[in-house]
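For clarity, chains are labelled A, B, C and D in written order, and residue numbers in each chain start from 1.
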Amino acid sequence: MKSDKIKKIAVLTSGGDAPGMNAAIRAVVRACTYYEVACFGVFRGFQGLMEGDLKEMGPRDVKYIISKGGTILKSARSKEFMTKEGRKKAHHTIEKYGIDALIIIGGDGSFTGGMLLSKEFNLPVIGIPGTIDNDIYGTSHTIGYDTALNTVIDAVDKIRDTATSHKRIFFVEVMGRDAGFIALNSGIGAGAEEILIPEENIGLPKLLEKLKRSKASGKSSCIVIVAEGEKSGKNVFELSDYVEEHLPEYDVRVSVIGHIQRGGSPSCFDRVLASRSGVAAVEALLKGKKNIMIGLQNDLMAYTPLEKAIKGENKIDEELIRISDILSI
Amino acid sequence: MKSDKIKKIAVLTSGGDAPGMNAAIRAVVRACTYYEVACFGVFRGFQGLMEGDLKEMGPRDVKYIISKGGTILKSARSKEFMTKEGRKKAHHTIEKYGIDALIIIGGDGSFTGGMLLSKEFNLPVIGIPGTIDNDIYGTSHTIGYDTALNTVIDAVDKIRDTATSHKRIFFVEVMGRDAGFIALNSGIGAGAEEILIPEENIGLPKLLEKLKRSKASGKSSCIVIVAEGEKSGKNVFELSDYVEEHLPEYDVRVSVIGHIQRGGSPSCFDRVLASRSGVAAVEALLKGKKNIMIGLQNDLMAYTPLEKAIKGENKIDEELIRISDILSI
Amino acid sequence: MKSDKIKKIAVLTSGGDAPGMNAAIRAVVRACTYYEVACFGVFRGFQGLMEGDLKEMGPRDVKYIISKGGTILKSARSKEFMTKEGRKKAHHTIEKYGIDALIIIGGDGSFTGGMLLSKEFNLPVIGIPGTIDNDIYGTSHTIGYDTALNTVIDAVDKIRDTATSHKRIFFVEVMGRDAGFIALNSGIGAGAEEILIPEENIGLPKLLEKLKRSKASGKSSCIVIVAEGEKSGKNVFELSDYVEEHLPEYDVRVSVIGHIQRGGSPSCFDRVLASRSGVAAVEALLKGKKNIMIGLQNDLMAYTPLEKAIKGENKIDEELIRISDILSI
Amino acid sequence: MKSDKIKKIAVLTSGGDAPGMNAAIRAVVRACTYYEVACFGVFRGFQGLMEGDLKEMGPRDVKYIISKGGTILKSARSKEFMTKEGRKKAHHTIEKYGIDALIIIGGDGSFTGGMLLSKEFNLPVIGIPGTIDNDIYGTSHTIGYDTALNTVIDAVDKIRDTATSHKRIFFVEVMGRDAGFIALNSGIGAGAEEILIPEENIGLPKLLEKLKRSKASGKSSCIVIVAEGEKSGKNVFELSDYVEEHLPEYDVRVSVIGHIQRGGSPSCFDRVLASRSGVAAVEALLKGKKNIMIGLQNDLMAYTPLEKAIKGENKIDEELIRISDILSI
């Protein structure tokens, strides 16, 4: 594959970091080498693009990073880039280095930034969805999501050990401000007794009722997975207080899984997905594609217009709520 | 959901064990409770069915097993069951306990046994694909496969540490007598320099050439993933000897990952897949389905006639071979 | 080994659970079998002893628990047992079952309860130190401590991934209300830039100065490990706010590791320590010892009078503070 | 601390790599920075010293390596260095760079090389014991040993899952050509039914007898840990064949854990030990010590004359054999 127009590609990571971003960077860099295209790694996302903080990368520069969490290119959220002035600076870097196209590994905020750049300066942009939240339209799985799920169930398995030893209820907060993907899937995977997600507000009375039923059924511990953005109107500590007040005979604890969800060596699933996505991104550019997102659909690589990816919404599988109810019996 | 015909369901695990089998058992048992159907757990697969080694199970009998490797119902390969006499014994148990349907968690050998029982005694049978090998038609993922991949890359990451420290070539054997799923995906995930699978024989000269190219490119270690069933005509130790003979300046080692691939706490992916499959199996029976396999297709639960699942072949994604070549540059 | 006086031993776990308690229970039970002494497992600590919640256990009852976190005997904190009335009830159980001696796996609170029982009713009691906090006199390592350290560094390694990607400061709270063992050792193990422990109050100005020096030295992230009981007068969130206020150019985050520190499969160190301790406890009783704690001193099993173990204080190795300072340069 | 004589220190890793070597390198480099001594990292052990393959290292050159397996300085076994000619080359490098002392992280083979260099050219040498085998006199724990134990029990826990599911006997080979440390401790930690080590030959008839007793006691699986160097005269595969022949009703399998034992992120214990050892090595040089090994004795850093460390033998704790017998009941 060869293209007259695409001789130099830049790649950056932007927004919250996710395990597998390094695997995607590696795939972009090596696919560039394979197709004899120059590849520049941009540091600290759009901020680095504005500041000219980038370097050419070859295949040995990305050795062994496939197994490492985080992103060797660093990430950042840049306010300045959201201004026209900021993007002019970024374009200046692009011109200076003769960069023909940009690959952005990140979430929809990052894609929005990329779209602006693309429109204003006619730069081909490709998005690779990298975020643990899985809340991006046009792909069944975002890079980092599978790893985050495994991190969560590993943590909840540990919490289950102590919960069972002491016959306790645990409210466990997991990431997900807008979407319940992590909560719902890790909740089923961890065998949680209840799962609270933004997409469904079961109401506090029903929560109490379910906890009572759970104890009555002979269970010696109870795990409630709580997505950050769930809609009860109470945060995880307030939920715990509420339950302690209404069910004083219960011993309730809170655990906030927190930032460990963003780190760690990526799972095989994420490494393979990131590897495929990175290659697909480079090949899409060489085929003349632009302003699309690379995604996974029915286990195959698929393109989605970047605009659609930004505006669309990835819906949780409601069937899983039903499954969770059945299995927590 | 209710059925006049399905009042008692038996479930067994058969063939090689796989992580997530316990999660599937749990899901079958709890879905039965949910739908007010009696559930019998049969020990040691068809052997236990012949011997009447089974017990009724309730939701508390499967507590906490979602996170455990292996199968609490044990597994076995039964020669006797492959005879008509053997199956008569199994049917005797079925009659004695008034069992209306059987759910089999296992691979295609186990499904074949189930089909025979179904045909000879008109017993509704449902298959749930549980094997680390992913070599079953009708599902994109078998239960246990994702966990095995993570176990392999974790092992290869460790081997990479020592390989790089000593600038060595490692031949790493992974499971897969008939199919290269584990080798191909774990190979990409581990960033292997070469992957040998049953589906593609690259030939020994090409292997040598690739190893030389790998060293010339400046790599300080080299991992070759070898599926058990690959077609070079040499086993992993012979391959190592062959390379040492032809490239005497290389320091070559062998590692056989072995049975650790079958064990371990299942990944979130496998736990969710097993949970969904177990519920789907019970619901399929209640809807009057029989002799089908529950599978995952395009991320949704799907039915495949058991006969088709047995005869069909799950093909590896050849695209991944291409990806692997690009990324090992 | 045989004793005329010790024919029936009871074992219980008490206080906060710790990984390796199951391995200790297994060792007690199997050592009893080996020496032909009956062994009773008491559920829910002293509460279960008062309520007569116990059962005789044989070697197969403890199979496979060596690798499991938590305690199969459950644990509890009992207020009633702290009254004379409560202990009379416990003694009633002891009389009823003809129990000759009691082995208590727990922390110094639990040992205090045991001492009271021993004095009031002349019952031989042996303590096995099981707590993640390592704050017990008479042993270099308590059961669960090594596992907790590994859990913490695994979590902090993950946090480091995201901290480095975003150039952030993280305040990471670990367990340790009264002692800095976990903080100090995990802090060194995780390569933390600063460690705040109850035993040493460096003061807030010095903290700021160290963070500034850390950034000036070119570090792209900064981890501060904070023991729950450290003495700055601020909790981990307030510390974070304080730093953000005084160093507004820093991006600061908080992570509370929490209850995952109590769970998980025990490390080999903890399993071996628990195994040795359990056998030593039974053998001590058969040798006529009483009211002692089994501990690890210079890698050997050692006895400490229970009273001394309760009153004494396990001091942190101050040398480690110095090491940490040198290594965070 | 300051020394007129020690202004430049070189550090190298030699022999088989072990987890924690990087943590030791980091500690040496940073302690040098702290004490304002120049530090040179030598690549590929003595081979690199002969070839002049070294570079000056500062504190940022060792960032984040505390959590990484392997050795960033690489390791090698050098035949040439074992000749006088070879050592002259090494000395040439030392003269050329003005190196005042050498820190060697490795096993006793590496220390022997260091001693020769020291005697022939009057160069102060310090040894840090880094090997997974724990077979070095003068230290209770070598760097890497604790991590290797955890890797082994993690692997055996996985094997136990499948062994139990199929009621199998597994012979599991672990490292240890001359010493049974890994086998004995991991065997106890994994709850092995039998442990075969170089230090004790129980004989094949007794092995058969123990396996029979194990099955008779109702155990549904059996794990035999076999050190590479055990003395039955049969390797692990021959042992398996022998048992299958004499106990044909048993289903026997073999697993060779292999090189994964050398890799992986080091445990907290190994990271702290390596950190302390690296600092102690630099400080020992500044205090004028030479030709000693830094070790852990009674949880404290201790010096052992290098010659004694080489000649002495670290003995296994025979008490553990007794414990293992009791606990496998």
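The rule is simple: contacts are C-beta pairs under 8 Å (C-beta built on N, C-alpha and C of every residue); 3 or more make two chains touch, one makes a residue touch a chain.
Values in this document were obtained by computation on a predicted structure and should not be read as measured data.
*Asks:* Please identify the chain with the largest separation between its CA centroid and the CA centroid of subunit A.
*Replies:* Between subunit A and the rest, the longest centre separation is with D.
*Asks:* How far is the middle of subunit C from the middle of subunit D, if each middle is the mean of its Cα atoms, in Å?
*Replies:* About 28 Å, centre to centre.
*Asks:* Let me have the rounded angstrom distance from the C-alpha centre of subunit B over to the C-alpha centre of subunit C, please.
*Replies:* Measuring from centre to centre gives 39 Å for this pair.
*Asks:* Could you work out how far the Cα centre of subunit B sits from that of subunit D, in whole Å?
*Replies:* Whole-Å distance between the two chain centres: 35.
*Asks:* If a residue has to touch 2 or more other chains to count, which residues of subunit A qualify?
*Replies:* 157, 160, 164 - these are the residues of subunit A that touch more than one other chain.
*Asks:* Does the chain-touch network form a line, ring, star, complete graph or other?
*Replies:* ring
*Asks:* What residues on subunit C touch subunit A, complex-wise?
*Replies:* 13, 16-17, 19, 21, 44, 68-71, 74-76, 151, 155, 157-167, 170, 220, 253-256, 258-260, 262-264
*Asks:* Along subunit B, where are the residues that touch subunit A in the complex?
*Replies:* Listed in rising order, the residues are 26-27, 30-31, 33-34, 59-60, 63-64, 66-67, 140, 146, 149-150, 152-154, 157, 160, 164, 185-186, 188-191, 217-219, 265, 267-269, 271-272, 275-276, 279, 298-299, 317, 319-320, 323, 326-327, 329.
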